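Step one of this worksheet: look at the structure below.
The chains carry the letters A, B and C, assigned in the order they are written, with residues numbered from 1 in each.
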Amino acid sequence: MSGPGPARPRPPLVDHHCHGLLRGEPDAAAFEAYLTESDAPAAPGTSYFDTQLGFAVRRWCPPLLGLPPHCPPERYLARRRELGAAEVTRRLLRAAGITEFLVDTGLPGDLMGPQELAEAAGGAAREIVRLEHLAERVADASRTADSFLATLDGAVRGAALTAAGFKSVAAYRYGLDLAPTPPAPAALRAAADRWLAARAGGDPVAARLADPVLLRHLLWSAVRTALPLQLHTGFGDPDLRLDRCDPLLLTDFIRAVRPTGCPLILLHGYPYHRGAGYLAAVHPHVYADVGLALTHTGARAGAVLAEVLEVAPFGKVLFSTDAYGLPELYAVGALLFREALDATLARWVRDGAWCAADAERVAALVAAGNARRVYGLDSTITGNTWSRP
Amino acid sequence: MSGPGPARPRPPLVDHHCHGLLRGEPDAAAFEAYLTESDAPAAPGTSYFDTQLGFAVRRWCPPLLGLPPHCPPERYLARRRELGAAEVTRRLLRAAGITEFLVDTGLPGDLMGPQELAEAAGGAAREIVRLEHLAERVADASRTADSFLATLDGAVRGAALTAAGFKSVAAYRYGLDLAPTPPAPAALRAAADRWLAARAGGDPVAARLADPVLLRHLLWSAVRTALPLQLHTGFGDPDLRLDRCDPLLLTDFIRAVRPTGCPLILLHGYPYHRGAGYLAAVHPHVYADVGLALTHTGARAGAVLAEVLEVAPFGKVLFSTDAYGLPELYAVGALLFREALDATLARWVRDGAWCAADAERVAALVAAGNARRVYGLDSTITGNTWSRP
Amino acid sequence: MSGPGPARPRPPLVDHHCHGLLRGEPDAAAFEAYLTESDAPAAPGTSYFDTQLGFAVRRWCPPLLGLPPHCPPERYLARRRELGAAEVTRRLLRAAGITEFLVDTGLPGDLMGPQELAEAAGGAAREIVRLEHLAERVADASRTADSFLATLDGAVRGAALTAAGFKSVAAYRYGLDLAPTPPAPAALRAAADRWLAARAGGDPVAARLADPVLLRHLLWSAVRTALPLQLHTGFGDPDLRLDRCDPLLLTDFIRAVRPTGCPLILLHGYPYHRGAGYLAAVHPHVYADVGLALTHTGARAGAVLAEVLEVAPFGKVLFSTDAYGLPELYAVGALLFREALDATLARWVRDGAWCAADAERVAALVAAGNARRVYGLDSTITGNTWSRP
């Protein structure tokens, strides 16, 4: 339960799902906005600092900038400005102890790319390609459904040459209650036609890919590459309907994908993380992530992690931070995870339920080993690049 | 983890969701019936005293009547009769330490009203108007759909002049999978016609408002007043289908209400309380209650409370007892809550996850501050009344 | 939290839901396959020994065969072969301390029957008849729908003369979102016709009873006997869609059965066990099981058990192992349950929430008393048989 003191050896972390960092300096309101999944300012009389994540930031980050833990937000933000964004980023990233980053590059904003992030952290990075973002960029340059579909096909195959995996946010765009099989060609072309026509109207909402036929096509395009496919499930911003993000809604899709062997990684999952653990337990190609769910639950991260570790096999659980924008989210995601995992496994060892050697082995699997195996990451890293497996 | 000894200062409680107390003395069977949400006697060979709530009553209440904790039910009930209902009520209410009561007056039975309750407790009370009950009383006196709707409109506006808020039990009457928007006028009039005609048949079941169009109309009538609107979600008696009371089913309604700013308070929630916490996290106008879920889980109240405090912002969580009929439910609801909150926050402080000052501040918010802000309660109370904000 | 040392008295256990044991000796792969609900080998680079159940087997079983706890799987399996299946079975069954077994005999494989199991354990056994298996055997010998239905009717009544109860796996075959009432005679006959015709084609998939009309008929045939009816809910192998196994989907069926008084026992439930507890709380004829959910969650069994004990009345919760194939699953199921229950109740006593006498009484109810009452088991056992109540 002690903090991340330098005295104890820390196994390296592979962060298999994260995002770029802001290049600029956020003001107080922007900083607070990164502490929540909400799209709105906090309700009158409340603050997003008054959340488990806000408290976790105030616990872990001030000491990394030379302040006492739990100091007031204002003091922390002042110290942050004093040090400057580059130094703050460097300190917080190094404290996280992440050696390898798999970066979803599909989020908007002036964000660092994977290599820039890797350099700041002294680690290595690879890209995770967000399918909907890729399709939207292809659509921007396509005039007909046929050319859109052909270019998209090439883009997915091309991305697969260098990316570590793909990610889908179909949960946000439609929900996970999609038909499980690839769409028929005629239905696919018709859906592409409709979407391109709607986009031509110039409405930014129509420009987003939300059609369930096209979303299914993207999923299956990724599955055919055999690269690991990350699927957003559970908790997220209010764009989604949480009850339509239950990973169990993916059951028939999971069954349909199973013969291909393509690894499916169920991200987040909260509050349906036990169901995600179940899917990882009974389907050989399914994995469960513990990222966002730990960062946002702070003092409760150990309790949530323990629930994931109920039925998910220990070779099927992957660490991530889901960090986005603020380097604080890397530090908090990594330090909370380490503490939650250490404390949980130590308790099981103390109770006699586990032995210490197993605990150490499982900790290394969840922290890095499982991600290395699933994404085919070389354990030998040279500089900031990995050789492809 | 220690009991509510007089030595430690106890922050006052605002009970934002509770009910009247029995005026008379319940016999043993009636007493036991208040310990369960079931509508039937306990199964042969079992007793509702053998529940977490039954054990919690036997833990907290006997000492308040001069008996040892955990004494047998028979002995407790005998002592209760010996002291008389008025003295028992006085002792148990005072022990609860609740200073302000928001009383849902829509339950049947010979129950104390808000002022009577406040006097017995030495506190103050305001009314929460149950929408379905109000509509049924209006329907009793209405002969046409037009007059019903017009009178109902006036009754809701009138109630809003003095009530602290409204409450809906649409969860019981239909489920929360209602269409999210206000019904169209023609559909509304047709539904009112149908309901009044059905009531004219004299069937007591038909007299209950269960039509989804009318339920939606009630919700939106309340939203238009901008007073806080309490919504039953989750756990309740077997009238409801629990899977149709998942607060996430309200997502589209919550989105539709959001522009109005009307505060929505999701009551109970169990076992969907994490979903309620999520809604409170991402929607500025949504709040989560911890009432019934704590009382009925007894020794597990701390565990359930901790789950609510995972993603719900601390400015969004409100204490209540949901007490009904027995003063024991006020005492147990309040004392369990205090102990659960104290123990949970103390553990987080001990682990270093929170600091003591934050814990104290959050405890005061959940106990009273959030309710005062959301319901616009004056912190200065004169006698048994509050001035309106 | 200490192990099951011989020094402390151990209340006897009634295992109200279990299965036969393998007669032969499993090889390493077959052994590992019994540690998971999956139908597939573990994913490359992973092992089903690396699960809570695998760790629990390595914790509890090696000492019973003279090895240190947590010894490697290979060493344990070698010792197992050395001792021979009969001796291993005898040691593990005796360590479980189960005196009475209610055995579901509807699983395939060369398995011990109830009496053989009882003899090996030094206890007594009764049969639980799996409805779908019974119907399939009747269908094997039936040529017309009329004769099938008539023979089935007789078979259910006949089984009721000696069985302790019935079990349905409708959750696997269709899901729990069945219509709640008995099917009409014409619909039933038509469904039987269709099924028998499909079976005549020789497809083994068609031979399985999966028609929702026939499944409903089976449920109601069992209800009419008034024997306890076990219903699979929640967690199971990937044949099922977990989201269609939420016990709350049974709500309308539970309401329809209620007037008959037939006891319904909701098996497993995980991760919907809180919902199962709710149903047990509000419906007098509903009970909740804690079997599979504890065995498969190992170090987390106490946490899961505590969740069941939140709202389920203590007279409504029943122990089982759901053991199948390996005697290890009896030992682990029983020892994990004892430890989880002891530790959970001891903590509540230590916190003052419960008194010691209540804890002891509730432990005996969950371990054996509730099952004895619900299944009408005589507490006096002569040899391996019970007299019928």
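Basically, a residue touches a chain if its C-beta (ideal position, glycine included) is under 8 Å from a C-beta of that chain, and two chains touch if they have at least 3 such contacts.
The UniProt protein names, listed by chain, are A, B, C = Amidohydrolase-related domain-containing protein.
A quick note: this is a predicted structure, and the numbers were derived from the prediction, not measured.
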Between chain B and its twin chain C, rotation from the CA superposition, multiple of 5 degrees: 120
Interface sides of chain A and chain B: same vs different residues, half threshold: different
Chain centre separation (chain A, chain B; CA means) in Å: 38
Residues within chain A bordering two or more other chains: none
Residue numbers on chain A that touch chain C, as the complex places them: 246, 248-249, 251-252, 255, 274-275, 278-279, 281-285, 306-307, 309-311, 313-316, 348, 351-355, 357-358, 362, 365, 373
Chain B to chain C touching residues, read off their complex: 1, 3, 36-48, 50-52, 55-56, 59, 69-70, 235, 237-238, 241-243, 270-271, 296-300, 303-304
